[in-house]
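Shared chain: chain A. Partners: chain B in the first complex, chain C in the second.
Coming up: the complex of A and B.
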């Protein structure tokens, strides 16, 4: 064996565990979904090829499109609250402040804790009946009876607030990293020209943060659109589907929840088609944002 | 001007403190709540426990099965860390130091798995596959799937690998060291900081993972991890009388990662900020 083939053999043998695992457990499942989205397959019996029938069924599936609308409300709410808040925190912490390292560590803390575990905790806090928050609201006479935080009227808001709690620290840190790349002398010279802090923020920080902002918002959009773990534990998509988001609906097609509304059955073929359409929706919105933000940058 | 400054600073600090409190309170509530009785938790409206019930932990540990859940979480998280670091450091070494046919395809495949979001659909074929291999009746199925999702750690290790001078490889080669020996004896020890960051992140991900162990252990309580066991308490018939176990269980899950965070918060944050450039 000459040196070259020996080296190649070494390279492939070291690459093998990684490539094999990725192919079998990462790529194959996606290919599986690609195949079964054209089939009628419920997990038992034989799978029957039905062409595009699953996709015409999606077009008429009101529950799915409701979940798409819910996803947009959820993602929109999460973004509108978390992005400005995290940018503001980052801008404040970027100015040499006493205790900024401690504050930064505190704000980032939620990102290291399990979403599912925090959803359980938030459930005991927001629980409409014996929830900790309602106990205090009643104790201090802020409300006479508890607020139905997880009821049909407020559930979406609650779910969004929980998501914002978990996300702000992460985006703050990314913004902070971007802000630290803006040279200090730009601020100094603008201060000499008499610019105040707000003007500096508007005319220096925001434009110079452009690319980072674009990336963070993109990341936030994708995460918000595909997130469902916390909602699943907190509300299971309820009450009456009020917080059912796209990827939770999808999850239930593969693993029906044993909860109150056990009308759902396994739908592997149809579920694969829903997965494809959902992934397409996420992809299209990200692309749309990407081009829109690029154009906005150019106009600036 | 001076008054305006003081006013501005006050508003600024009030905002920071309020937001800091909002961030901390849910975790503090969990820690304090884990020492309260169920009645105090559900009706008491107290901040500090009126009496500290340390027995919540021993009861949760024994009666509510949290000893099993903790053990399973540890097994899953530690195995995932070792496996992920091993698999991705070997791949990162050959990808960064050698040229071979198919390298580009391999790298794009890793990038692809990072960016495609198809949700729970992948869990199904993964589960069926593990049933066929008879790996679904132990935690090995979960561990292997966690290890298979190592794309981000691979890319991090490649960037750390680039920081190790190639002269070292050359010198080792001249001294007659084989490629494998060079990797294990020279490169891997120097990759320490990268492995540390990778370990931290894999541990966090595996320890906090919920959906994957949930799907794999739905009918096997003896294999459930902390996250799954804890969330199941919420669905149980006796859920209303077990809030104190929920809090104690949540603490068991939060505290290890929180302690790690207190000591290594720079590494946690460095990683997130680093992903911006990568």
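Coming up: the complex of A and C.
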């Protein structure tokens, strides 16, 4: 065995554990779903081949397309709030602020807390009948009666705010890493040329953060389009589907929440088809963004 | 080179240990008797989704672990609303339980999924005679999979203090009275944050499954829209019920925030006196004596009917309790635990402590009326009866409970909603008959009123 072969053998042996995990936990379930999206399968009995019927059903499935629209509203709201906010926080904490290390840790904290636990805590804050927020608003005469934060009018806003709270610290940290890579002398020379802080931010910070920004937004888009965990705890997609996002709808097809899978039929076949279409939607949007941002970089 | 070898070995060990993870119990086949002689414990697990009796069951499991002479140790796992999902996942791994709590609406599906093992080989003639055999509730294709313990009745639960404050003397018996009383209670209680009525609409299936269902059944309609006379789905009977619920909401008599209300927070609010009425199961007295001690005087009454005429039976749910897992490696040990749980002392205590109302005739004959406050309203009366098992189908589009709740929030044409539901549910029913072997035969002589009264003392 020559050196080259030996090295390759070692390289493959190092790759083996992660490749094995990817195969078992990633590729196998995908292959499983690929097969069953052409079947009617309820999790028991025989799976029945039905060709493209599941995809025809998707085209007529108003609940699914409503969930797609809800996903865009949720993801859009989350991105519009979390990206500027995390950039602003990163810019502030990048300065010689007293206690900045502590503040960075505080802002990053939500990232390490379990989404479900976080959502349970927010439920106690936002629920309409004895939520802390309503009690606070009433006590300080900001409103005369409680606001139905998880009701039809405000539920989407509430789940977006919770998602923003959970995401800001993470993106802030990535922006902070990007900001620290911008050489200080660029700012010094621009200051000598008379640039003020706003101009520095607009003409130095933002362009030089370009690659990081591109990566963060890409990450944020994918995470937001796939997010559903906190919504499941807060509203279960309700009221009446107002916060039902794509991946929650998909989850319910596999594991119905209404009294559990035993009282409702699990739809593994249709769920697999919906999973495929949902992944396609997320993939297409991510690709669109990727090419658009690359094009913008070239124009710059 | 040495470093490379070390890393390679480490990678292989890691990979092998991962592969071994799912197989840790494969050689652990010893049963109770063998374990007792060798001094090793046979560990089995019991999974339940019940929380109202959790403390009692915990106590009994601990007692079994201490007293059994077969070296069996039971791990009690109390799951929440995710019980069915967790069970599904457990059966995909090596961690499925040995004993499973089954209910009237889960045993059929668990049987089809092949989660359950028949228990006939363990049943003596005495046990067979003691525990009634009930088709589709504990027996499938001639084999028994569970035995009954207690049944669950459904009632209207009301806040007597708020009723007195509002000057209402009796609970409602019709839908119109339900709407009117909810309004009166709200007028009397709103200043203190109390409202006339509540439902746990965070999960519409759970909310309507404990409210609209019993009103429909009492009024002679199938509780899930299925008509046993015609063997077709027909949700027409739900029209006036859903309209009444909508009226209560539109009147402002419904607790604010019911859209995100789960059943436990609803109970917590009722215990605090913030809710005038709601509909639920006979597990409530246990809840208010242990889980959420009630600060109010409350009682239970038969659910109202649509027009005051009881043309059906208020569902008495049960017929099963514990089942043996088909995947259990310790079936004998698991049965010994089940045998202990089905012993007279536990079944009697179960009723006397108010966790449920016995469906076992020999227990029912001797068990005292539970000492738990409020249980008297839940004891079987002339309206209670066991309905046949409803077929579960998979309609395309929105489920009935979601469609009804959407109507309650947004309004629209309820007649059109019902026509659409009938069409989609019957199409799913036909599909299940053709492709999944579901049996649904019309029974023109089916009389829901004849189901009632068989358990009344």
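Keep in mind that, in the parts below, the second predicted complex is superposed on the first by the 271 of 300 C-alpha atoms of A that agree within 3 Å, B and C clash if a C-alpha of one lies under 4 Å from a C-alpha of the other, contacts with A are read in each partner's own complex, and residues count from 1 in each chain.
The working rule: a residue touches a chain if its C-beta (ideal position, glycine included) is under 8 Å from a C-beta of that chain, and two chains touch if they have at least 3 such contacts.
The shown structure was predicted, so the numbers you read here are calculated from the model rather than taken from an experiment.
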item	value
Contacts of A:52 with chain B and chain C, given as first, second, both or neither	neither
Partner chain(s) touched by A:157 [first = chain B, second = chain C, both, neither]	neither
Chain B versus chain C as contact partner of A:191, first or second or both or neither	neither
Touching partner for A:80 - first (chain B), second (chain C), both, neither	neither
Contacts of A:29 with chain B and chain C, given as first, second, both or neither	first
Which of chain B and chain C A:62 touches, first, second, both or neither	second
Dominant toucher of chain A (residue count), chain B or chain C	B
Chain B versus chain C as contact partner of A:130, first or second or both or neither	both
Which of chain B and chain C A:282 touches, first, second, both or neither	first
Which of chain B and chain C A:176 touches, first, second, both or neither	first
Chain A residues contacted in one complex by chain B, in the other by chain C	10, 14, 17, 21, 123, 130, 255, 258-259
Residue ranges of chain B in contact with chain A within the complex	12, 15-16, 19-20, 22-24, 26-27, 29-30, 33, 41-45, 86-88, 90-91, 93-95, 98, 100-101, 106, 109-110, 112-113, 116-126, 129, 144-145, 147-151, 154, 179-180, 183, 204, 207-211, 215, 218, 226-227, 230-231, 233-235, 240, 243, 246-247, 250, 253-254, 257-258, 260-261, 265, 268-269, 272-273, 276
Complex contacts: residues of chain A adjacent to chain C	10, 13-14, 16-17, 20-21, 40, 42-45, 48, 57, 60-63, 123, 127-131, 146, 148, 150-152, 155, 234-236, 238-241, 255, 257-267
Residue ranges of chain A touching chain B (in the complex, touch as defined)	7-8, 10-12, 14-15, 17-19, 21-30, 32-33, 85, 88-89, 92, 103-125, 130, 132, 135-136, 138-139, 165, 168-170, 173-174, 176-178, 212, 215, 222, 225-226, 228-229, 233, 247, 250-251, 254-255, 258-259, 268, 271-272, 275-276, 278-279, 282
Chain A-facing residues of chain C, complex	4, 7-8, 11-12, 14-15, 18-19, 49, 81-85, 88, 105-106, 108-110, 112-114, 201-206, 209, 255-257, 259-261, 265, 269, 274, 392-394, 396-399, 401-402, 405-406, 409-410, 435-437
